[in-house]
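You will see subunit A twice below: alongside subunit B first, and alongside subunit C after that.
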Partner chain A sequence: MENFVNALISGLISGSLYAAMALGLTIIYGVSRVFNFGHGVIAVIGAYLTWYLLSALGVPFLLATLLSMAFMAIFGFVLYRLTINPLLKKPNWEFSTVLFMLGAGILLENVVLQVFGPRVKSIPLLVEGMLKVGFLQINWHELLLIAIVVIAITALSLFFKYSRTGQAMRAVAQSIPGAQVVGIHIEQIFGMTFALAFVVTGFSGILLGTKYYLNPHIGWEWMVKGFVIVTFGGLGSTSGAVVAALILGLVEAIATLYLGAIWVWPIWFVLFLVVLLLRPQGILGGRM
Partner chain B sequence: MKNLNWKSLLSIVVIAFILLYPWLGASSYNKHLFILFFIWSIVAANWNLMMGYAGINSLGNIGFMAIGGYTAGILAKSFGVPAFLTVPLAGLVTSVIVTVALGLPALRLSGIYIALLTLIFADSLPSVLTQTRDITGGAMGLHEIPPFYPGMDKTGAYYICFVFFLIVLWIIYRVIHSSTGMAFIALRDSENFAYCLGVNKFKERLKVFALSSLLTGAAGAVYVHALGDISPTTLGIEPFLLTIAMIELGGVGTFLGPILGAFVIVFGNEFLRLAGTLRLTLLGALICTIILFYPGGVIQFITALEHRVEALLKRKTSPAA
Partner chain C sequence: MLTVKDLVCYYGDLQVLRQVSLHVEEGEVVALFGPNGHGKSTLLKAICGLQPPRAGSIQFRGAEIAGLPAHQIVERGLAYIPEERHLFADMTVLENLYLGAYPRHARAAVKKNLEFVFHIFPRLAERRNQLCSTLSGGEARMVAIGRGLMSETSLLMVDEPSIGLSPGMKMAVFDAIRQIHQERGMTILIVEQEIQHALEMSDRIYLMKKGQIAFERKGKEIQVEEIEKAYF
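Coming up: the complex of A and B.
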């Protein structure tokens, strides 16, 4: 019983981190229909930048996060402008963007490897200590992570609901011609969407970097998990991604407890197949 | 007709050269590279058949090759099946497994789902291999897999792989020019019109999927018999990217493209060994550059050159005519 409850809690923690990680993927897909196969590396870059600012330059955590988020926004926008935008004008844009981002992912991953070296890094915990209630044991740090994810997701959904840019993004997601008719500049919105998604992804990289370890290759593992999550939740659906991430986080924790960590991936794969076969639009299918 | 002539002439010269090469003092190392070229160009050509012709955005073809390789390795090592049987058997096993587990669900879906499903399929294979350590050797892989015939040397492997290479390319050529190939051209040019003509997209794609996975699995079997070992590193990111680079560099959706690409990448990769850890960086940069600036690959260059030469020839001959 105690183990089970603790597993549930750790499942919720990793689930919420996965949710944060998958959001960037589903935001880009929902608005622009580009599936970002370089997603993992983007998260890794955000995490490494923050690590560098924190450890090597001694910048305080909040400022380090803000600086790297600013960088991610510019990076996302520039990457879209210079590469994705011309690719989208080609007839086979759907798969050429996939292959392009795959190549870019490898390129960036190895740039990170060259710059920071192969050694494992970790971002220091935000707060020390542990909360003990009866048999429950939770790190304050992990509780804080959940709180941060909840706040971030709420902020994001408020942004989509009430800000003009967010509304424009939703309009583009629903129908590009429709958005054009009401005077939305599609390319501008795409650029902003990439910037926003890179910020969210980089931020999730920081959170993941405080909970797990960091190395230049870890992004692929995160990304493939993100792929399962966004498909499970329905491509382009943000609420679906959050629900799916929590479900898969819990499944992962329970599978680890009763079967061992080696079974986590096969179970995820089977779940993924079942969802694709029975409900390809995902559990909460539809768009954002 | 003129351009057909120079192309077939060049193909004959190239084939003759490859046939004679072991007698022209090829080193064992160069023969080894040619074997790699034969096998990887088959993998790339089949991948291109799916991706470039049939529009099946698969990312799991290296996984098909690994399934074929492991099947042949286990059959030959544990059950002593001779190589002329393991190659077709491995192809069949791969085709059945992959088509049932992956093709049937994936081909009902569209676009990005196929890419996701095939990628995640290939990605989950290493954990399957670790689970079945007893017969697959886990992370160590299979070693000392029997060659095609006892006492085979590099020259023997070279010729067997070359024959296999020619057979597979002939099959792919036939498929491209068959009714299935035509159906895909019709689907590409006007999907609705193709449907009106009675083209069944799902069925045609399934055929290509089954055939491609069969040939890719057989290529994996030829690989293990020619080189003697296979391990989960085959499923790593590097072979995957190299093959993608071959297809993209040569030209997606062209018959000769992936073969040219495989040639450049297999031999170029050896030079890149000098670059050490920078190799993958360069490979990623290469893929990005091609997709962004030369989406037609090398074949596009050659075609453009050919048109220019033709125009030049026409201008020279026109006053006489």
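Coming up: the complex of A and C.
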């Protein structure tokens, strides 16, 4: 019983981190139909930048995060403008953007390797100490992570619901000709979507970097998890990604408890295949 | 207000518009008739920027707009209501209407335009919080027209507004278009297969065939039969 409850809590924690990580993937796909095969490395870049500012330059955590996020926004926008935008005008853009982002991911992974070296890094905990209630033992840091993810996701959904740009993003996600007819500048919204998704993804990298370790290659593992989550939840659906991440986080924790950690991937992929067979649009489906 | 001259449009290698010329004056209702697949919708799409023309000129309120991207044309006060509607299905009626007021110049007039939309389509006021994916065909058509009106437009181009609707819904849509013209003095260019209804409200008509304008007439000078005969 104690173990089970602790497993539930740890599943909730990793689930919320996975949710944050998968959101960027589903936002880009939802709006522009580009499947970002360089997604994991983007998260890694956000984490490394913050680590560098924190550890090498001694910048305080909040400022380091803000600076990295500003960089990620510019990076996303510029990458879209210079590379994805011209590719989208080609007839077989779906395939070319996948290959291009895969190549860009490998390139960026090696840039991170050259700049920061192969040694494992980690971002220090936000707070020390542990909450003990009866048999429950939770790190304050991990509770804080959940709170941060909840706040971030709430802020994001308010942005999509009420801001002019957020509404335009949803409009483009639901109907590109409809968006054109009401006067939305599609390419501008695509650019802002990449900027937003890179910020969200980079931010999730920071959170992941405080709980797990960082190396230049870890992004691929994160990305495969992201793929399972967004397919499970419904490609392009933000609420679906959050629900799927929580379910898969819990499945991971419970499988680890009763069967051992080596069973996590097989179980994840069996679930993934079952969802693909029975409900290819994902558990929630629907658009942003 | 709108002057199209020698417009040429292609889909790939297929020529759809062969030097089309027409004009719409301020305050007019102009109907564009003609058989299906002869370029009427393409002409509207070319004017509103969804289908860039290969040659020719489109002047709107004295400025050349041929080849401009769609969002810049909407910002100049030209609204296009597509036959396919292209609503935002997972948003409510109200969210769709508000998005119609996306252009900067339309934002100050949101309240006034929303009241007018609910005035001509009381049904939409009742369903304002309903998702568009749950609307009937006629209601969805109303949202599409309403969304176009929200853009604080001076020229409204409507592509087959009555297609696929029940007779009752057709009447409601035509009544609304008549109201838009009479109460707002809006200039309207309408493509329609219900010749009788469209002819009744039109000042002038064009007949389009094989990607060209076959003839132009004053609305009062032509009978439905004559237009129908020209289809074949």
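The rule we apply is simple: the second predicted complex is superposed on the first by the 288 of 288 C-alpha atoms of A that agree within 3 Å, B and C clash if a C-alpha of one lies under 4 Å from a C-alpha of the other, contacts with A are read in each partner's own complex, and residues count from 1 in each chain.
Convention: contacts are C-beta pairs under 8 Å (C-beta built on N, C-alpha and C of every residue); 3 or more make two chains touch, one makes a residue touch a chain.
Owing to the predicted nature of the structure, the values given are computational and were not obtained by experimental measurement.
Once the structures are superposed on A, label A:Leu126 by its partner contacts, choosing first (subunit B), second (subunit C), both or neither.
A:Leu126 sits against neither subunit B nor subunit C.
Using the superposition described at the top, determine whether subunit B or subunit C touches more residues of subunit A.
Counting contacted residues of subunit A, the larger count belongs to B.
A:Leu144 contacts which: subunit B (first), subunit C (second), both, neither?
It touches nothing on subunit B or subunit C.
Name the contact category of A:Leu257: first (subunit B only), second (subunit C only), both, or neither.
In the superposition, A:Leu257 touches no partner, neither subunit B nor subunit C.
After superposition on the shared chain, which partner residues are touched by A:Pro177: those of subunit B (first), subunit C (second), both, or neither?
second
In the overlaid three-chain picture, which partner chain does A:Leu113 touch, first (subunit B) or second (subunit C), both, or neither?
Only subunit B is touched by A:Leu113; subunit C is not.
Just checking: does A:Ala168 make contact with subunit B only, subunit C only, both, or neither of them? Give me first, second, both or neither.
A:Ala168 contacts subunit C only, not subunit B.
Please work out whether A:Leu102 is in contact with subunit B alone, subunit C alone, both, or neither, and reply first, second, both or neither.
Touch partner of A:Leu102: subunit B, not subunit C.
Need the overlap of the two footprints on subunit A, from subunit B and from subunit C, as residue ranges.
none
With touch defined as at the start, can you tell me which subunit A residues reach subunit C in the complex?
Contacts found on subunit A: 164, 167-168, 170-171, 174-175, 177-178, 180-186, 286-288.
For subunit C, which residues count as touching subunit A in their complex?
48-50, 69-71, 74-75, 79-82, 84-91, 95, 98-100, 102-103, 147-148, 151
Could you list, by residue number, the parts of subunit A that touch subunit B in their complex?
So the residues of subunit A touching subunit B come out as 29, 35, 83, 86-87, 90, 94-96, 98-100, 102-111, 113-114, 220, 224, 227-228, 231, 235, 262, 265-266, 269, 272-273, 276-277, 280.
Quick check: in the complex, which residue numbers of subunit B touch subunit A?
Per the touch definition, subunit B meets subunit A at residues 51, 57, 59, 105, 108-109, 111-113, 115-117, 119-121, 123-124, 127-128, 130-131, 237, 241, 244, 248, 277-278, 280-281, 283-288, 291-292, 295.
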